[in-house]
Structures are given as C-alpha cells and as structure tokens.
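In the two complexes that follow, chain A is the common piece, with chain B as its partner first and chain C second.
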Partner chain A sequence: MASKFGLAGGIPERRVRPIWDAIDSRQFKNALKLLTSLLSKYPKSPYALALKALIHERMGKPDEALAVCLDAKDLLYKDDSSLMDDLTLSTLQIVFQRLDHLDLATSCYAHACGRFPNNLELMMGLFNCYVREYSFVKQQQTAIKMYKLAGEERFLLWAVCSIQLQVLCDKSGEKLLLLAEGLLKKHIASHSMHEPEALMVYISLLEQQSKYNDALEVLSGNLGSLLVIEVDKLRIQGRLLARARDYSAAVDVYKKVLELSPDDWECFLQYLGCLFEDDSMWKFFDDIDQIHPTKHIECKFSHLTEEMFDSRISSASELVQKLQRDTENSNLRGPHLAEIEIEKRKFLFGKKNDRELLKSLLQYFLKFGHLACYASDVEAFLQVLPPHKKAEFVGMLVKNSDSVSASATIELGQTTTILKVQELTGNIFELPLGEIEASAVKLAKLYCQNLPLSKDLDPQESMFGEELLSLISNMLVQLFWRTRHFGYLAEAIMVLELGLTIRGHVWQYKILLLHIYSYIGALPLAFERYKALDVKNILTETVSHHILHQMLESPMWVDLSNLLQDYLKFMDDHLKESADLTFLAYRHRNYSKVIEFVLFKERLQQSNQYEAARVEASLLQLKQNADSIEEEERVLENLKSGVQFVDLSKEMGSRTLRFNEDMQTRPWWTPCPEKNYLLGSFEEFSYCPKENVNKDREENVRRAIQRKSLVPRMIYLSIQCSATALKESVETNGSGGDVKTCGELKSLLEEYTKMLGSSFSDAVGMITEISQGARTSESLGSDLVDWLNFAVFWNAWSLSSQEHWHVLNLLFERLILDRIKSMGSSDMSSCYSDVQVLVQIITEPLGWHCLVIQACTRSSLPTGKKKKKAQHSDHLPSSPMTQAVKDSIHSLCSTVQEVSTWLTNQINNPEDAQVEKFLSTLKRNEDAGGPGHVLWVLESFIASSEESEVGSRIFEALKTWSKADSTRKTVTAQQKLLREFLQICESKRELLEKLKQQMTHV
Partner chain B sequence: MVCIRRATVDDLLAMQACNLMCLPENYQMKYYLYHILSWPQLLYVAEDYNGRIVGYVLAKMEEESNECHGHITSLAVLRTHRKLGLATKLMTAAQAAMEQVYGAEYVSLHVRRSNRAAFNLYTETLGYQINDVEAKYYADGEDAYDMRKNLKGKQIHHHASHGHHHHHHGGGCCSGDAKVVETTQAEDAKATSSK
Partner chain C sequence: MTTIRRFSCNDLLRFTSVNLDHLTETFNMSFYMTYLARWPDYFHVAEGPGNRVMGYIMGKVEGQGESWHGHVTAVTVSPEYRRQQLAKKLMNLLEEISDKIDKAYFVDLFVRASNTPAIKMYEKLGYIIYRRVLRYYSGEEDGLDMRKALSRDVEKKSVIPLKRPITPDELEYD
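Let's look at the complex of A and B:
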C-alpha cells in the first residue's frame, strides 16, 4: 500500500500508517486515540473523518459512523480545494457499504468524477460502485468513458461485459449486442486484440446472436492464435460448427479432439450428436439448473433412415475401436463406456440389440467392475432397459463375478458393485426377504474378512469395503419397511454406528444415520450426526436439506434457530459481498468469469431454500414468542407486520426458483425432503430413480412458500381483529373488528384456501364437517397444519360467531385426540411422525389461536395489569362472545393436557427399560430369520479379532464399541425431544390457565 | 466432459460437495471465488461420465520474488474415484496452464508430513522435490513439506504480468484487493496475506 499513501487528503503517510495498522490488528481504541490527535491537526480533512467513521463502524457503532461519514461527504462536496483522492473515497466507500448505503458511496464518486472528469482512477472507483450496485447500464457508460479516455482494450471489454449482463440479467433487447459487436470490431480493426479472454468474449457475443459462422471466422483468423491450448480451441470450433449445423465439419473436429483427449465424454456425446444431426443435446447442455447436470441425453432419430443410421453408427464404432486400441495400456474408461453408448443408441433406435447392450455392460464390468465408480458410470444405460432385462443383467453379473477368481480387493470391489447395481435398478426390492437377509449377512462377513486389508491405511484414506456397511444398512431398512420389525432398523443403526467407530469420517454413514434417527424421533442425535458432517459455507445451501425439514417440524427451536441463522447469514453475506469479488474478475480481465459470477449470484438469490428459510426463520420467531402477545407484537413490528412476506407470496407465482440442493446423497427411502417411503407401505411403492426429483418439487415448494408467507400477516391481522372484537361485541353487539382489517384478512384467507386447492366456502365446509366427524382428518392430507391455520384465522375473522369458535375447538380436539389415541402406548420409534404433526399443531395453529385469545382477553380487561385487581368490579358485562372465549380456553386446556399426559407417560418410562426393549429387538433367533444376524456376525468378529491382524488403529477402535452405549444414546435423544415438546405444551397450558384466571374477572 | 476441464463458477457447488466427501477444508467460499475470479485458467475439475464433479485442483499465481511461480492450493479427488489417475491429470493440467498461460517458472505446494499417499504422488508421479519443511504449518500443529517442481517457464502471454499495474491496494498478480485478502482465512492463507 505504501506507494498509495503519499499525501492522501494532504496528510503525510507516516501519520496515517499507524492508524491503519491499529485497525488491521483490531486495536480500535488505540486507532481512535491516534486518530483524535490526527484530527486535532487536520480537523477538516475528509480522509481523517473517513478513517474515524471506519473505526466507529468496526467498533460496532453504525450510527456514529454514518454521521461522521456524512460530515466527510459534506466537506468533500463543499471544499473546492479539497483533494478528492481515491484513498479518501475508497475508505468512505468501505464504510458506506458496510452501513448498507451503497448509493451514498456512489454519489461521492460520481461527484468526484464530475469535478475531475479526466481522472482514470476515480472513474475506476465509480465503475466499481456501479458493479456493487449491479447497475449494468451505468457500468457500461462509465467504462466507455474510460475507454475513450485511455484507449485501453480492457475498458472496452468492461463495457462489453456490462452490455452482455444487461441482456442476460435485465432482459434488455438483443440489439445492444450488436452495439457491443460494433465496438469490438472497430477496436480490433485499429488495435487488434491481445487477450485470450477478450477473444472469448467476442466469440460468446457472436454466439449469443447466433452468428456462428462469423465466430468461426474469427477463431480461424489471426486472433485464434490467442488460444494457446489446442484442445480448447478445437472444442470451441466443434461447438460453433455444430450450432451452425455444419455437422460433417463438426464431426471431423470432434474426432480430432477425441484423438487428442480420448477420455473426453462430453466431446464424445457431441460427436455422436453431430453424427446423427441431432441438436437436442444443446438444449441439454444449456440446462444448468442442477448441481450435477446429467450428461446422458435423449436422442432424436426420427429424421434418419435405417441405412443412414447404420452407416453412421458403424463409423462411430470404428472411431471407438481405434480409441480403445490407442489407449489400451491406460486406465481410461471413456472409450469403453463409448462402446456401451453406441449399443444404447442402437437399442433406442429399435435395433433389438439388447443382448449386445448387456454384453457390452458386462465387458465393462469385467474391466472396471471392481471400481467404486462402476455403478454410477452405467446408471444411465441401465435406465433404458426394461425391468426384466435389468434383472437379467444382475444375474449375468452374479454369474460372472463368481467365475472370476481374482485378488481379494477385486472380488470385494465386484461384490460391492453388484449390490450397488441391484440397488440402482430397483432389483433389490423384488428379492424375497430371506434372500436379502442372507445377502446382508454375507456382506457383513465379507466386510470382516477384508478389514485386515485396511490395516496399514492412513486414517484419512477410505477403507476397503467401506461401502458394504451402507449397503447392508440400506437392506436392513428395506427389511424393516417390509416387515415393520423394528429390530431391523435398530440393527441398521448398530451397523452404521459400528462403522463410524472404526472409521469416523465416513460421510455416508453419518447421512444414513441422521435419516434413520430422524425417522425414529431421535432427532437430537440426528442433528449431532449432521453437525459431524461439518456443513458450512456453500454446503449450507447444498447439504442442509438433509436435516432442515425435520428440524422445522420439531420442538428443537434453539438448534433450528442456529441452523437457519447460519444458513441465512452465509447467503446474505455472500449476496452482499459478492459484488466486491466481481470487480476482482474485472481487474484480472477474466471477463467470462464476470458474467458467470453475476449469474451465479442470481442462482443463489433465487434459491428455493433461501426463500423458504427466510419465511421459516420469521415463523420460528413467531412460534417462540407466541405465549406472550406483547413479545409477539414486537416480533411482528420487526417483520413490518408481515407486509413484506405478503408481497413475497404474490411475487412468488412468477419468480424463478432454483434448486441447488444435492439430492443425490439422500438415502433411497427419502429421495427428497417431502418424501419418505417408510411412512407408507411397501405394497404402494414403485421404485423410481432419483433423477428429476426437483421437477415434481418445484410446484409444491413454490406453493408452500406462498402459503407460509401469508401467515405472519394473518397473525397480525387476527390480533388486530381480536383486539377490538370483544369490546365491540359487548358494546354494540356487532360483528367486531374494524372493517378494513377484516376485509384484508378475508382476502388473505381466500388467497390461502386457493393455495390449498379449495375455495373459501368449500374450505369452511371441509373444516366444519371434520369437526363434526362427518369427514375424517385424512381428507386434509399432508396439509393438515395449513388447514388448521386456516380454521384459526377464519375464526379470528368472524369472532362474533359462537359457532365458529365451537367448530375450531372441536377441530383441535378431534385432530389432537385422534392422534393420541392412535399412538396409544406405542413408543416414539414407531409413532414419531404423529408426534411431528402434534408439535406443529401445538406450536403453530394452536399457538396462533392462543394469541387471538390473548388479544381478546387483553381488550376485555379495562386497563393495565396494575389496576386489574382493584377494578375488576367494574368489568364489562358478559356477552356471548366472552362465553365463547371462555369455552375455547377451557377446551384447549384439556386438549393440551392430554398431550402433556401422553408425553409424561412416555418420559416416565424408565430409560433402562427402554434400552432393554431396544436391545431385545436385536436378539437373533438362531434357527430362523429376523433381525440380529448381521450384528452377530460383526460382533463375533470383533470379539475374535487380533491386533496383529487388523492393525492397532482398527483394533483400538473395535475395543471401544458398545452396542448398549449406542442404544442408550438413541433412547436419551428420544427422551430429550419429548421433554422439549412437553415443555412447550406445559408453557401453553400455563398460558391458558392464566387466561382462564383473567377471564373469570370478565 | 470427462476427465479434466476448466472449472466454471457454477461448479463451486459441486466442488465444495467434494469436501464433504473427501477431506474437510477450512477454506471459505470467498477463497474459492478469489481463485476462480483471479486465475480461472488454473482451476480444473474432473467431471465423471454422469456429470458429477469427482475432483478438482485449485491453484494460483504468486510473485513474491522475481520468479513468477504457481502454487497448488488444494487438490481433491473423491474416495470413490481414487486410483484412476485423476489427481495426476488434474495436476498436469494446472501445471501446464501455469506454464503456458502465465509463464510460471516453477510450481510449489504444501503437503502434510503424514500424508504419505499425497507425498508419493507428488514425488514419484509428478516429480516434486522437497524445498523446505515448514514447522507447524497446519492449524493442528502438523508440519508441512514445502515442495517444488521446475517448469520450463516459457512465457507465452503477458496477460497476467501487467495485471499489477492497476491494482488498487498494491501487490502483484497474486494479491487480490485488500478486502478479499482480509477475509481469506484458509489453511494456506499465509501465502496470500501479501497486503
């Protein structure tokens, strides 16, 4: 920085440097001291003031910082002789930005640029300000000015980038691209072009306008030499030729690429695409809305005659064979996979070559079947096969793996692969129970046998047979699902926990465990396993779906709040700060990255999870404070009475939602957060591959966010309606609530029912019938909680109707008591999904209804609490509505009491007894099938293993294994969750008792 | 494309997912962004046939001394995709780009003393040599080998080398602007704190 200091703002560097040093080392008090003495000498220096503001901001005093900043700004504007150097401005900029006043920073720079129109440094600062504000038009104008001033290529490219961004993000007219093209052409004519990135921009500009031939011309001309890596250049050339539909030329280029880089899969697909004159792949490669975009694509053949197809496929075969020969001695999978791709295309064309297709898959297995990547390599090929062919293929694999007598590691790898293929094809779900069980036992033995192979491995290396335990656990979960025998699930937990004891870092074990624990209500333990994944940064966006959904429906509010806050903080910070990084790309002349990066920011901004989390974080606050109407009103005030969320709900309909979650890591039984096969029966199940999960989700997620966004406002309006209703009902016997508030609530209710797929009147009919028992609660489906929310707000909208109060009371009673009855004395492991629903009912609709009651009660009390006792003689006369409120309190009280009682019974069940019960499900029956066999195999091995055999690390780990400890942890976690829930129920009950007390005075 | 291609910003999502599955790193997202926005030519991913990112290399340029050199910041390959030569290919690609695009004279990296697998890869397959041992380099107190490999160092493009003339807050082609450096708290941050 030294050179920059000089005489900033007229202050010598030696006076300023100690202050910067103090700031950098976070010694703010010292910095302030030094600054005070500096200011005494330079009281009118904007730079000194800017520094002062910076220190204040860092010390957490935003108001002081802003005031000082504004002083500095005034001085800058006023003082004609003042030195408007970049250092002063950039320091001010930093503070303004941190105070969320980008506009003020921009205006400072704009002012400075106006005063010193030829100062490039200041203009760059201004450009930077516009980058931060995502003002692409202004960026463009500033960059053009700089280009005119300095004539440098980079400034022109900054302008061109800004134009491209206008077209991509602001959807500005594509005519702008023509302008950009013209600017570049003119520049090239006079100055040529010197940077590879600039060339890339030029080509992309032409591509965006579908001027593929022009782009090709540029690439093959002098400028093409800017691209130094030959393959890169050929790839671009191939793409341009393909898009220009010059397929035969493209085929030649792609051939060249493949000869240079025979493992380039995307290139091979493009080669095939061009060979078959099929442009459908471009649509596919453009679809980036998946964290792992699939590279297997549908093919279009209808325009080809059989002869054409035959001749082209045979030339592809020739090429592939050549590539295979050329790479014989290397370990490349690409050319072999290409052979399968060719068979697949033939199959899809209708060649009835299924034998050959299977054979090619088998060949690939014999070559690469021992590798962990085999299954995922062939996944997409298997998908085109009909079910019986898939089964046949599995049979072929089994037969061939037996015939190969290879080394232990190869055998282990192949066995693992076969199981993975069985999982992948759904074949495993068709096997008889006994067979699955036997297979799981066999795998457990294999795992044990092979442990010695991992004896000398570094702790961070993956072990041999690591995946076997995940596969076993998947089988056990399936056995549980089909038999409903809890022992299998318990066994799955044990297998995975044992695996973690041996190898603590295996993420698959942790993820599987967290889902099993979530399912049986040991959510605190699930959360612990989730935390062990060390999810942070962008992973909060891609991975937190594993736990977020369960946490939202749980009473673990503190952990949930941390989870949401961490996630939102990461996203908010990124969105706020990412523009700083954009400028980095401009400065390093990485123009294509500028575009990518801005689009990436949009991608995160449009994340469905981000939108949902923002709403959920507010709802959580509302839930947490619902027992005190005063607290709740404070929360609502901070939420601007929910108005913004209503706007969000409205906008949501037309917003693009992006899905950045990595769903591929989820276990088979819950392919997305909203789905859990274990909750249904095996008979209803039809195996569906994990692909395309997001497509089904989009509409549901959108509607859920829209619905939830209305809730804060409806709570607010309900409180408003209630606040006046009781008084009015007594005084005027009218309908209560002020007209405007009620009108708004009504329209939101109509919106809300629409999102539930019903009309307002049908919705009322529905809940009335359920309350009367004329319909079962099943008709509400999975939206039960939303329906109850509707009922609560509907009642709040029409408080004077006693009948509505009555319907609502009955509804709560029925939905809660039915559930408690069905749970009976079964333990948490088997009824957690019911507990989840109860948690939601108690904390959401019931909580909101309690708020309505609190508002009614408060308004019925003539004055503040202090005078309550003294004045309860002059209270308002009783009215039908007061009675309705009283009845409701009474009804809710006893309903909540039922929940508390059920929870208390569960909690009072001694832990030891529960541990005992859990362990008893794991007892194996030596003569028959059932749970326990797998664990027995593993534990027998542990008992007999020797240090010399498995190595000291594994040996020591095995010694620490205890089945009972794991069981106790599970039981303790379940208890902890129940206690948290009980606490919530008790707090609701206390609130209701208090309200009951207060109402006796009315 | 399989095998090895340059990373895009969108790849960051999958690249960081690799960390879940390989070694957990303490690099913040900004550190990745800082690399990709500054030296995009040096970031390569290994993408598998089904479109999944199964490995990546993160590298940068440094000009501490007169010799412009590259530095490998991070190398990761999924456990399921080891022993396929992907690490070698990623490294080779990054090294080639350092040499061809930036004219680097040598490339350096740090490796944990205990990481035998990586050490063997660097010395035996890739031809790195120990330059120095940095005591307690890692946060957990482990030593690092400072390793180097000479490149031919033929400068083809001066593209990066004039980058530092217009830097706001000083530094060479390797330092970012002050803000970025300030927030870089990576394991390997020592090399970047050239403020």
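Let's look at the complex of A and C:
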C-alpha cells in the first residue's frame, strides 16, 4: 500500500506529520493553516480532506466536518487510483464515528473491500466497522472471508464469536452454533489449536449446545494442555461433568480442587451440589443477570432417601474434617464455614439438628467472630433459622463473648459482630427501647475505651471500632422511629459527624449521614456528604441511587442537573466507546472478553436508572424553563416535541430492565430509593431482607418511566391546544384546540390514567371528588403528583369547560393548603416529606398549568410577534373562558402565596433559635432514658482524653469537635433548601402577577 | 473462603464497597476494559460467600528483553476482609502467572512514598524499593518503584536498586 513507501494516503509523510502534531496538541488553527497549504498541492487527495474534516470536527464544527467527509467519500468512490488505503479510511472513520455516522464509514470500507478484495488490512477495517455497528452477521461473513484468505486461527475465532453473539443477542437459531462447531473441528483437524482463549471458546460453544461430554473429551485430549493452571482446568472439568449429570465423577474432580485450594468456597458448594445430585447451582450458570449477592442457594433433596442422604453427608463431613486438619495452621475460614454448610443441609433435609447448627455457628464465632466479615459469612445460614432460633443464637453469642477473656481487639471485634448479627436477624427490632438505649451507650463506651488502640495507626488505615459508630447510629435511628423523639435522630447525626471528625475517610458514615440529612430536609448537606464519596465512572451507575431520588424531588436544580449530566455522560460515553474496546479484545485474541463486553454494554443500555435519568433530565429542563413559554418551546423543540419519549413509553412495556444499583450499601430504613420506613409507623414494619428489593421494584420503576415519558409530549400538546383555544372559544364557542392535537392528547391521557391503575372516566371522577372534598387526597397515595399532572392536562384538553378549570383550581388549593395546614408551625426536620411533595406540585403540575395559562394569554394578546392575532384580540369580548383563565390565575396566585408565606415564616425563624432548639433535643435527662446519653458518653471522653493516650492525630481531631458547629451546618442547609424553594415560588408568583396584568387588558 | 477467579465486567457492578474506600481509585471504563481485553490473566477477583467481592488485583505484562515484566496496577481489599492476607494471595497469583505463563523477569509496582502501611506490606511480600520516581502522582507526590525478581532472573539483576531518583519522563512504560 501507499503508506509503505513513506507515503500517507499518497502524500509524503513529512508533510503530514506536522498536521497530526498540531491536532494532537490541540492547535487546530495551526493545523488548518498547514492543511490549507497541503490541499493546494493535493486538492484531490481524500486523505488531505479526511484530515480537514477531522480538524473541523475537533474545532466543534460538525456540519463543515460532515460536508468535507462526504467530499472525501465521493472522491474515494470516483478515484480509480490506488489511494484507497487504510490510513485514509480510518481517518474518515474516526470523523464519521464522532459525527454519529457509522453507516457512512462502513460504506467507505465496504466499497474499498469491493475494489481490493484481497486486502486483509481493509477487511480488518471493515470488520471493525461491523463491530461498531453490532452487525454480528456481517462480522461473521467478513471474518470468514479473512479466514479463507489468510487461514489464520484468529479470523476463524472472530467468526465463531460473531456467531455466538448472534445466538446470544439476536436470538438467532442455535443451528448456527453447529456451523461454528463444524468450522472449528475442521480447522483443528488440519491445523490443531494454539491459544488457550480459543480453546475456551470451543468449550463454551459446546456447552452452549449442551454437548458436555464432547467438551470433556476436548478438555482431556491434547488441547487440554493449553490450560496451564491445573485448578482452572479442574474447575471447568467439574462444571462440565456436573452439567452432564455425571455427578460421581464431578465429586472426585471437585475434591481434587479442594485439596489444591481448600478455601475455595464456590467449589465447595459445587462439590456438595454434585454429592447430592442437585443441579440448582447450574441453573443460573448461563444467566448473566447474576450480579447481586446470592444469599440463599436452593437445595433439593426430594430424590434422596434418608439413607442416601446420610451416607453422602458423612462423606462430606469426612472431607471437611480432612481439609480442616490439612489447614490447621492457617487461618482459612473455608473449611470451618463448610462445617456449618453441612449442618445447614442436614437441617433443611429435616434432621432436627438445630442445636448442632447453632453449635457450629458458635464454633465459627469463637474462631472468627472477631473478624469484620463474620456476619456476612453466616448471613445465609441465619436465614434458614426460624425467628426464635435466631434469637436463641444471639443469646448464645452474648453469653459466650462474656465468658471468653480475650485481647481487647478480639473482644471489640466480637462485640461488633454480635450487634451486626442482631441487625441481620432483625432481633434488634424486637428489643425493648430501654435495652436498645443501654446497648447503644455500652457501645459508645466501648468505642471510647478502644480509641487508644488506633493511636499509632496511619491515618489511611481503618481504625479499631469504626463500625461501632455506624451500629450506634442505626440504633438511634430505630429509637427515633419508635418514639418519634427527634433528639435520637439529632444524636445519630452527632455520633456520625464526630466519627468523621476523628477519621474523615469512613464512607459508611457518609452514606448514613446523607440519608439522615435527606430525611430532615438538610439536603444540601446530604449532597455534600454524597460528593465526598467521590462517586465517578461506573460508580455513578451503582451508587447514585443514594441521592438521586431525593434530588429529583428537590428545588436544588443546579446540583441535580450536574448529577444527571455526569451520569448520562458516563453512560453515553461508554455506550459509544464500548465497541472499540470489543475490537481491542478481538485483536488481542481474548475472545471470551468479546462476548463479555457486548453483553455488558447491553446490560448498561438496559439499566433502569439510565432510562429514568434520560427522561428526568428532560423534565428538569422543562421545569427550569416553565416560567417562560418561549424558553419552554425552545426546550420542547430540542426534545422533538416529546415524540421520542412517547415511543419510549410504548416500548417500555416489553423492554428488559436491568437493576445494576448496589443496594447493599443502603441503610436499613431505606432499602431502596422508593422506600423509607421512617415515613411510616413502627407497627407497619416487617423485617425485609434486602435481597428481594429489586424484584418488587421492577414493575413500579417501569410504570414510573412509562408515565413520566408521556409528560413532555403532553406539555407540548397542551400548549398547542391552549394556543388557539381562547381565540376559538370567542369565535366559535367551540371546545378549543384543533381536532388532531386534542385527539392525541386524549389518547395520551388515557394511557396515562391506565398507568395510574385507573380508567379515564374514573380518573376524572376521582379528581373531581377530591376537589369537592368528597374524598381525601390520601386516596391518591404516593402518585399524588401524577394525578395532579393528569388533572392539568385533562383541563388543557377541555379548556372550554369552565367547570374543569374550577375543579383544577380547587384541586391545587386543597392539596397545597391541606399540606400547609398540617405542617403548621412544625419545623423542617419533621415535615420535610410534605415540603418535598409541595416542591413537586409547584414545579411540575402547577408549572405545567402556568404554561397552559401563558399559552392562552399569549394567544389573546397584541404582541409584536403576533400582529395578526393582535388584530383579533383587540376586539375580543370577554368570554366565559377568559373569565376562567382569570379566575385560575387569581386562585393560583393566592395558593402560591400561601406556600411563600409558610416558607418565609420558616426562613425568618432566627438561625440561633433553630440551633438552640436542635441542641435542646440532645439534652439528656440524667435520671431517665431518652436521647443524649450516647453523645454524653462520647463528649465526656473527649473532654478527658489525653494526647499520650490516643495519640496526637486523634487528639488534635477531637479538639476540633463542636456539636454546635454541626448543628449550625444542618440548620443552614435546611434554610438553604427553603430559600431555593421560596425563590421558585416567588418566580411563579411574579409570573402569575404578570399574567394577571396582561389579562386585565382582555 | 475465597474463590479467586478472572475478573469480569459484571464485577464492576459489584465492587462498590471495595471502591468506595478512599484509597481505591475508580478508573474510567476504557481503563478497566483495556486491561480486560489485553491482559485478562492479570485481572482477578476474590469472592467470598454470597458472591461478595472481597478484593481484586489488576495488572499487565510488558517490556522487552530483560525488562519483560509483570506489573501490578492496582490491588485492593475491602475493609471487611482485611487482615486475612488476601492481598498476599492475589499478589502471589499475579507473580505466578508472570513467572510460569509469561516467563517474565520480575514484577513491579508503584506506591505513594507516603503510604507506609502498603510499602511495609510489599516488603513483607519480598518487594524491594528499586527506585524513587519524583512527583509521580499528579506531579505532587513521589512514587516508589518496587520490584521482586522472578525465577528467570537468576542473578536477581532486575532488583539492584538504582542510586538516583528518576523523573516520570524517564520511565520506560506508562
């Protein structure tokens, strides 16, 4: 090719290099200058044009870039010289890709390959294009051509991967796998196989077709030697034998693995599975959804007689005892946990060995109870116990830890573990208040006593007893929940803030704090704690759920917008670059990763959070601009009038939704974003293991996305209906809006009510009854804001009905004023959930309704832009509808004013007084229970601690602790949120005043 | 009870509690995926009961001639599973792969000069400070280049400490 002779795209390399250098160092103007002179010499060079396009694209001029690219493409197609080299094509490819025109890049390569059919380099480029387009069939065809041309193993495997992807992603027939198998067999017969990854693909291909015995044969043949690490090979062998149901052979293999690596827990479970001829373990092998911790593994025994069970379990026991003997001098947990697993299986079989099971758990506690992982190690075992046995076990632990005299660190670890077990079993929720309180105080003392242990630790290292503060705060939150005494919540904040003062790196404290702050309306502070977690890249997918939900219901629009943009950028970037990384895996012959990458990209694309965030980001823009109809129309135009979201809503019903969030890190009282036990009363609580959270969420999340996706379009249609309504109502006394628009709005309203679990007419009945006071707003449940949205769009659909306007006005009035009345003079900390609802009502349904009014008003006003209409409206007599608009403005104005007044009263409450009030809840009563005791223990310790005892770093940190400072920060954060909300209300009120003024002229 | 296996993309969705730790960097996706695409044998995860991620190691193999070596890019263990020698197990695995499969001469790694606990741990695992790299971390903090010789480097030439510190632009590899 041309570039081999020191030429790049037919141009001497020395002339091109300075241009690339300038591009790489982002000196685009300079690059363009150099390029212009190059083009004067090579005006017809596609390569020079491709470079020009690249520079334009980098300079942010996509239209120019595309035009130049297309010129280059035309030249390539026309030019019959041999300048169609990979360099030119790959440069064009880069630009086309950045311009979202992958198809054009592909057609360039396809054209080039047609012209030079035997050029491997160009074919690779074409293959790469198909990888980017996820066109698995074309990938396969191209790879096969390359294989035929070059006979290299790697190209054959590219084809095989492409086939596997067709079956996995496109759900193509499995017959294709047979074809792939045939190709591989033929190749192996003539050329053998040379790479371990190729062998892995071959085995997976056979496994995909359930040809386990064939796979075993391959593995034990010559090719097996490609796998160098013995344990890896044995694991595969065991798996294949198990899936082929050759359990006794599989047992032997797994035994070997365990002898080589006795701590391999998964292998032990597989061993047991095979021993009991139980295939439950393998059921999920092909299920790629397995990212959430599996706490409970099903066990099947029904096919075993008692005798069979006994003999097998005793051989398992023998093995475990042997493993324990072999590893006596190491601190491996596996062989000891295995003992519990055996007791658990006996228990599940019905052996009534609960005593032995508890004993084995206790033994494990005595050996490893001081480790931070004890509780999570035994979680799955505790789950099989009935509640009274769980309680008995906790009792056993307490008794034993008291009797063992051990070193301070061991005692500390064991005490922490017992508390964690109490949390896990739900036992802690059954204790009397006094006992919990006493326990929290005891833990606080323990924390203080052990602080000197961390004296010489590096600040980077975790401290001893760090977890105690999390446990204490969990108890305090529970006490708050049960007594509604705010002091406990305040105390939980103080405990955690103090913890952060001593060591600022503890993410667990930050997460707990952010949820407590969110609950009491100190959201800006919650957000600060969230930011301190340094959530970025993939963590935005798994960790954002901690804050996103609260932010969506808040007036903190700037922060919310950043949060959404960062997340969406991460996701979009990955979805864009993922194919390039897949190609990298192809090139490096790591075929198993090819499949993995494609499936992973699919998984992220189907993320429920991603779908929701895309809709929310648009809704946020609409909220932010709702006070100006012109701005709003611009936003809507960018959103293609909401059409795409309507499509999304329709597709949503059949789409797979993935839940990639890591819910394990959430506090007990809010196991998922939509749930917060603190909002309900204690009696309603039933212990809910976190495992089930996502199953319950799926339907709700799906519906919420479907509902919300309809809103942008309904806003758009409402504006359209309103724009002509006033005029028409005067002229024709008609129903307003053109028939098509109204028809579409009506059908969306029907969809919307369906998703609210109601029919259109029932929904109208519901809101009418609520507006009249015949029903309470409680009947709307947690979807209150969606119901109000419905009411707004329903009114927009039927503007000529004065009655509908009236219903809507009353509805706003009732729902808002009822809330304000119930909040009364209570402070933010106790009524933030009401504030959250108000924020949503004002910024969403009320905002949308104001847009409808703006549209009505605009159509009736003589403005510069609407001269023609002005002629009409100059003479408009006041119609019933005009009056309805005026009444609505009037009603909204006074309703919003009420909210502003409530907010102003809150804000005017002097900060010092609020701080004082907050602190007063923390005052302990020396002679009785109640909040403040834990903090008193901690603060007394601080007051009396000495540098020699706790070390200079901790000592200095303790000196900076101030309860009052933390309180003030909380109060300030609450105030900040209220001010932001007030600003939104004021802006709405100003808008309404302006509209009122305008309407006086009509 | 530790199952050590190859790291897969789905593990990125499960390593939250490991990565929330302030000393563990969460890289961008192409960084992780480039390692997975190029050196899958050098990227392993340790899993506990309930498929919990206990920790992981990522690394690569690179260099020419006698500087053909394994490199530890990151090794991290969740606080819940510390003080159980898990990092050691993961390091040993990477060393074994560098030694047996790729026949490298040595394994190296970089560590912040201030990270005393980590330096001590690596020393216990047989690593020695080969050289200091000035302002290696964001142009601020010095890094230490630590090395451990493998069986192919019979005379242990690769680990004779350099007398003078170097600057990042003198490094042979990124």
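The criterion applied here is as follows: the second predicted complex is superposed on the first by the 972 of 1002 C-alpha atoms of A that agree within 3 Å, B and C clash if a C-alpha of one lies under 4 Å from a C-alpha of the other, contacts with A are read in each partner's own complex, and residues count from 1 in each chain.
Here is the rule we go by: a residue touches a chain if its C-beta (ideal position, glycine included) is under 8 Å from a C-beta of that chain, and two chains touch if they have at least 3 such contacts.
Because the structure is predicted, anything quoted here is derived from the model rather than measured.
Visitor: Are chain B and chain C a fit on chain A, or do they clash, once the structures share the same frame?
Guide: Here the two partners, once superposed via chain A, clash with each other.
Visitor: In the superposed arrangement, does A:195 touch chain B (first), chain C (second), both or neither?
Guide: So A:195 only meets chain B here.
Visitor: Of the two partner chains, chain B (first) and chain C (second), which one does A:379 touch, if any: first, second, both, or neither?
Guide: Touch partners of A:379: chain B and chain C.
Visitor: Name the contact category of A:333: first (chain B only), second (chain C only), both, or neither.
Guide: A:333 sits against chain B and chain C alike.
Visitor: Look at A:961 in the shared chain and tell me whether it touches chain B only, chain C only, both, or neither; answer first, second, both or neither.
Guide: In the superposed model, A:961 contacts neither chain B nor chain C.
Visitor: Between chain B and chain C, which one contacts more residues of chain A in the superposed model?
Guide: B
Visitor: Please work out whether A:90 is in contact with chain B alone, chain C alone, both, or neither, and reply first, second, both or neither.
Guide: The answer is first: A:90 touches chain B but not chain C.
Visitor: Share the list of chain A residues that count as touching for chain B in one structure and for chain C in the other.
Guide: After superposing on chain A, chain A residues 228-229, 263-267, 288, 291, 293-295, 331, 333-334, 337, 371-373, 376-377, 379-380, 458, 460-462, 507, 533-534, 537-539, 541-543, 570, 574, 577-578, 580-582, 584-585, 588, 590, 592-593, 596-597, 599-600, 603, 660, 662, 664-665 contact both chain B and chain C.
Visitor: What does chain A use to touch chain C in their complex?
Guide: Counting only chain A, the residues touching chain C are 228-229, 263-268, 288, 290-291, 293-295, 331-334, 337, 371-373, 376-377, 379-380, 458, 460-462, 505, 507, 533-534, 536-539, 541-543, 570, 573-574, 577-578, 580-582, 584-585, 588, 590, 592-593, 596-597, 599-600, 603, 660, 662, 664-665.
Visitor: Considering the complex alone, what residue numbers of chain A touch chain B?
Guide: These residues of chain A touch chain B: 1-4, 24, 86, 90, 94, 124, 194-197, 226, 228-229, 235, 261, 263-267, 288, 291-296, 330-331, 333-334, 337, 371-373, 376-377, 379-380, 458, 460-462, 466, 507, 533-535, 537-539, 541-543, 570, 574, 577-578, 580-585, 587-590, 592-593, 596-597, 599-600, 603, 660, 662, 664-665.
Visitor: Could you pull out which chain B residues touch chain A in their complex?
Guide: 1-3, 5, 8-10, 12-14, 16-17, 19-21, 23-24, 28-30, 33-34, 36-40, 47-54, 79-82, 84-85, 96-97, 100-101, 114-117, 156-157, 159-160, 163, 166-170, 173, 176-180, 182, 195
Visitor: Which residues of chain C touch chain A in their complex?
Guide: It comes out as residues 1-4, 8-10, 12-14, 16-17, 19-23, 26-30, 32-34, 36-38, 40, 47-52, 54, 79-85, 100-101, 115-117.
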